[in-house]
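Shown next, in structure tokens, is the structure this report addresses.
First chain written, first letter: the chains are A, B, C, D and E, and each begins at residue 1.
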Amino acid sequence: MLLGRVTGTLVASRKDEGLAGQTLLVVQNLGIDGEDSGGYVVAVDSVGAGDGDVVLYASGSSARQTLATRDKPCDAVVMAIVDNWQVGAQQVYRKTAADGPWAS
Amino acid sequence: MLLGRVTGTLVASRKDEGLAGQTLLVVQNLGIDGEDSGGYVVAVDSVGAGDGDVVLYASGSSARQTLATRDKPCDAVVMAIVDNWQVGAQQVYRKTAADGPWAS
Amino acid sequence: MLLGRVTGTLVASRKDEGLAGQTLLVVQNLGIDGEDSGGYVVAVDSVGAGDGDVVLYASGSSARQTLATRDKPCDAVVMAIVDNWQVGAQQVYRKTAADGPWAS
Amino acid sequence: MLLGRVTGTLVASRKDEGLAGQTLLVVQNLGIDGEDSGGYVVAVDSVGAGDGDVVLYASGSSARQTLATRDKPCDAVVMAIVDNWQVGAQQVYRKTAADGPWAS
Amino acid sequence: MLLGRVTGTLVASRKDEGLAGQTLLVVQNLGIDGEDSGGYVVAVDSVGAGDGDVVLYASGSSARQTLATRDKPCDAVVMAIVDNWQVGAQQVYRKTAADGPWAS
């Protein structure tokens, strides 16, 4: 899985019917240091993620292993909202009550 | 899923029989900023997309999860025509009646 | 799917038995402009492609969705020989009777 | 499979229910020379790997072929802890009792 | 499939039980010109490949389509030992009795 930050949603009125009613999130990829790493993905939301949330997403056929995405033409799914992670002894990211600011 | 812009069609008279009658779209990849990002994909159309449309496409086994592509040797499918998306508070792209020009 | 040009064949006498009798094509990747883009793939042929042909190939599990490749340890299959494609109003490539030269 | 070094864990209290109770490892990619190669992956642990361990991880649908990950929205799994490997006649890495230092 | 050269083996005593008894090969990626292209993969051996052999490997779910790898958490398998290949009229690589040296 890779890390990303939700930047907003994508609207598509004409789409595969299996995706009707699903939220399509625009997700910017993050590096292990929590910084924007330059790429992005559009992913179906399966956990109620919102703008600014740091999330984990799964790609490929694994993206179809949630209730929201089973048997759908979907190759990316947000399947977790991240609370925190470490690199070595250092905590790189920790979600705060304010839902966004970095803390170490 | 990734963003792309349909630039035209590809014709192949000799091809796997499962793909007979399917439209093969040439799609240029777009970045999250709506600009051409340098890559491309040839994808089967499942939503009636046309020249100049900004679309979303799914890759890999997920590309076979539409009526048009089930059990076909197809690894990319256009599964949505994009109306608009945001990056933060900014609307990067919005489809217009003229079907193409950017608006923010 | 991605575009490529067949440059020759690969011979492997010791290989998975499921691939016995299959033709392994060496395919150079092409960009949307029809130029060599630097990468390559070795793909099983499912359409009778030959040297110099511009082809379309499918990757991943989708490469196993042909009669030649079903249930085989094969992650790339040539599934179409390209006649022509466009980028915008311009025809980038068109197959000719001479089977190779570029025409616009 | 690719090589990586476990740098810590990732905590996500809101996540797909199939992943409840699973350990999410932050893994830095290693090159064949044993050096950090710049990328990372977040992977489910299936072998009891810990901080600093050099591991092997599988990606894509293959990441769902363990007891811990079957049918889960998981696209990467740590499926081995590495003892040693060679490049040519040279042993690049060997796990030691101290669990970390390189030896050649 | 992609080309590689076997550089040695990787040993992992703690690993997914499905991989018990399998040989894990360290494979350096080769370009179409037969030169080291900078990447690598760790792959299960299904054809008895040895040190220095130029091989073909399959990735993703296709890597599980051999007797050695079926239903295993394995995303890369060596499924052929290469005898020779061409790029245009030129034979880039040919295996010799000495099992290694390049010939054109």
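Just so it is clear, a residue touches a chain if its C-beta (ideal position, glycine included) is under 8 Å from a C-beta of that chain, and two chains touch if they have at least 3 such contacts.
Remember, predicted model here, so these are calculated numbers, not experimental data.
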item: Touching both chain A and chain E (chains); value: D
item: Between chain B and chain C, centroid-to-centroid distance (C-alpha), Å; value: 21
item: Chain centre separation (chain B, chain E; CA means) in Å; value: 34
item: Per-residue overlap in chain E, given as positions that touch at least 2 other chains; value: 60-61, 63
item: Order in which chains appear around the ring, chain B first, chain C after it; value: B, C, E, D, A
item: Complex contact set, residues of chain B against chain A; value: 1-3, 31-32, 46-48, 56, 58-63, 65-66, 69, 77, 79-88
item: Residues of chain A that touch chain B when the two form their complex; value: 7-16, 18-19, 24, 26, 28, 40-43, 51, 60-61, 63-64, 71-76
